[in-house]
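Heads up, there are several structures right after this.
Paired with chain B in one complex and with chain C in the other, chain A is shared by the two complexes that follow.
Our next item is the complex of A and B:
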């Protein structure tokens, strides 16, 4: 989850998010280098007493400041495309879950074997127990088996919503009448938080998403218990 | 058909006809195919077991509210697909 005065991304919980994190570090480093160079040049230009009013052309520097940016752009584009194609790989999911956006809660459906469906409402601030996170906790979590490829089909029952979990590197718009597919694998067990990412009315900020990744046996127990409760 | 083993069914496999983000048509096709299959095999008086694959796939992919709505439409005779 996010931390107070956090500057960077949340810790990655999926391989794709790890890649995105590293790419961001790489691209940001290039940005810092260029910015530092430009700032240095500006300061140097502004603080010098030397002048030369007779410069006409200069092949060498023109070549350098054309070639170097082209090379830098390629150095950014190649890792970026690598990740793009990685995200586009054909995966073989073990489980399909439907995340349906409503005003103002998510509902999850696990229908591969039995018809399991439940709503996931935010826990109001006054009902939180010590240690729980304000505006992030829900009464029912989307429980998944850890290290298994999961397919999530996102849609909405009323207006536009968006299902996002930053630590998994996932965001997918929930459009009424449309079934949007996304997939991920959790690298480790844990609880991962997200929030609705498309303005959807008064309580848009109060319909969070909580994904809980557990070992397979726990997942099987949980789904059995959830089916009984339904 | 490769991968159509019902015994080892985990979830709807990758379908090359719907390779992209938008899976709406995937859900719709399998729903319609199941009911067409059922109607056709019933008409012949044959066991409808082969249709089970389509049923499992549409159950995995389609939101329960969509399935409910389409079932109600079929009962009323207002279902937009040709079955």
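Our next item is the complex of A and C:
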């Protein structure tokens, strides 16, 4: 989850998110390069006594300020396309989970082997225990095995929602009547938080997502216990 | 006595020859500074973190801290 006054991205918990962080650094470096250049030129233009407005022909500079942006855009596009294709790699998931958006909670279905399904409601602020995070905790978390490719099928039962977990680099719109697919691998065990990312009514801000990544044997124990409770 | 003829042409070109190299130089310095103060340290930090990462040890530490819902601390 985010720290107070945090400006940048959350720490990456999946390989794709790490790639996205590095790409963002690359793009921001280019942004700083261009911004510094433009700022210097603006200051130089504002402080000049040369004010002749009638300038004819300027083929050299026209060529420069056409070619240079084209080159810069290519330098941005190449790593961007690399990540785009990385995200679409065939990944042979070990587990498929359906995440259904409702007003105003998520429900998860694990139907690969047995029929396991449960709802995930936000824990109200007054019911939080010390150490829990306000507006981020849920009564039932989406538990997954760590370091395993997971496929999430996202849809909605009523209005548009969006299933997002920033530290995993995942966001997928939940559209009623449509099944969207996303996939990820968690690099390390832990608890990862997200929030609904498409306006969906009064409690849009109060339907968070919590993903809990644990080793496989604990995931199997958990799913066995959940099936018994159902 | 006569005054020297002032420079009447090429004033903009002269200004550009002075300022443009500085402008490009400064912007490359800014980009390189960002690369070596932010981008490379971040890549190194992630590489260092995962080089010695023991996921079982970390998982057990998190478990004992009680943060998981699916796995209770070993005493419980």
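By our rule, the second predicted complex is superposed on the first by the 215 of 230 C-alpha atoms of A that agree within 3 Å, B and C clash if a C-alpha of one lies under 4 Å from a C-alpha of the other, contacts with A are read in each partner's own complex, and residues count from 1 in each chain.
Going forward, contacts are C-beta pairs under 8 Å (C-beta built on N, C-alpha and C of every residue); 3 or more make two chains touch, one makes a residue touch a chain.
Predicted model, so just to flag it, every value in this text is computed and none were measured.
S.K.: Please work out whether A:177 is in contact with chain B alone, chain C alone, both, or neither, and reply first, second, both or neither.
M.R.: A:177 sits against chain B, while chain C stays out of touch.
S.K.: Looking at chain A, does chain C or chain B touch more of its residues?
M.R.: After superposing on chain A, more of chain A is contacted by C.
S.K.: Just checking: does A:188 make contact with chain B only, chain C only, both, or neither of them? Give me first, second, both or neither.
M.R.: Touch status of A:188: second partner only.
S.K.: Should A:111 be classified as contacting the first partner (chain B), the second (chain C), both, or neither?
M.R.: first
S.K.: Report for A:12: first if it touches chain B alone, second if chain C alone, otherwise both or neither.
M.R.: second
S.K.: After superposition on the shared chain, which partner residues are touched by A:75: those of chain B (first), chain C (second), both, or neither?
M.R.: neither
S.K.: Once chain A of both complexes is superposed, is A:199 in touch with chain B (first), chain C (second), both, or neither?
M.R.: neither
S.K.: Enumerate the residues of chain A that count as touching chain B in its complex and touching chain C in the other.
M.R.: Shared contact residues on chain A: none.
S.K.: Taking the complex as given, what residues does chain A use to touch chain B?
M.R.: Within the complex, chain A contacts chain B at residues 90-96, 98, 100, 109, 111-112, 115, 117, 151, 153, 155, 157, 172, 177-182.
S.K.: Write out the stretch or stretches of chain C touching chain A in their complex.
M.R.: 11-12, 15, 19, 22-24, 26-28, 30-31, 34-35, 38-39, 42-43, 46, 50, 53, 55-56, 58-59, 62, 67-71
S.K.: Using the touch definition up top, name the residues of chain A that touch chain C in the complex.
M.R.: So the residues of chain A touching chain C come out as 12, 18, 21-22, 25-26, 28-30, 32-34, 36-37, 40-41, 44, 48, 50, 52, 140-141, 143, 146-147, 187-191, 212, 214-215, 218-219, 221-222.
S.K.: Which positions of chain B touch chain A when the two form their complex?
M.R.: Spelled out, the residues of chain B in touch with chain A are 9-14, 19, 21-24, 26-27, 56, 59-65.
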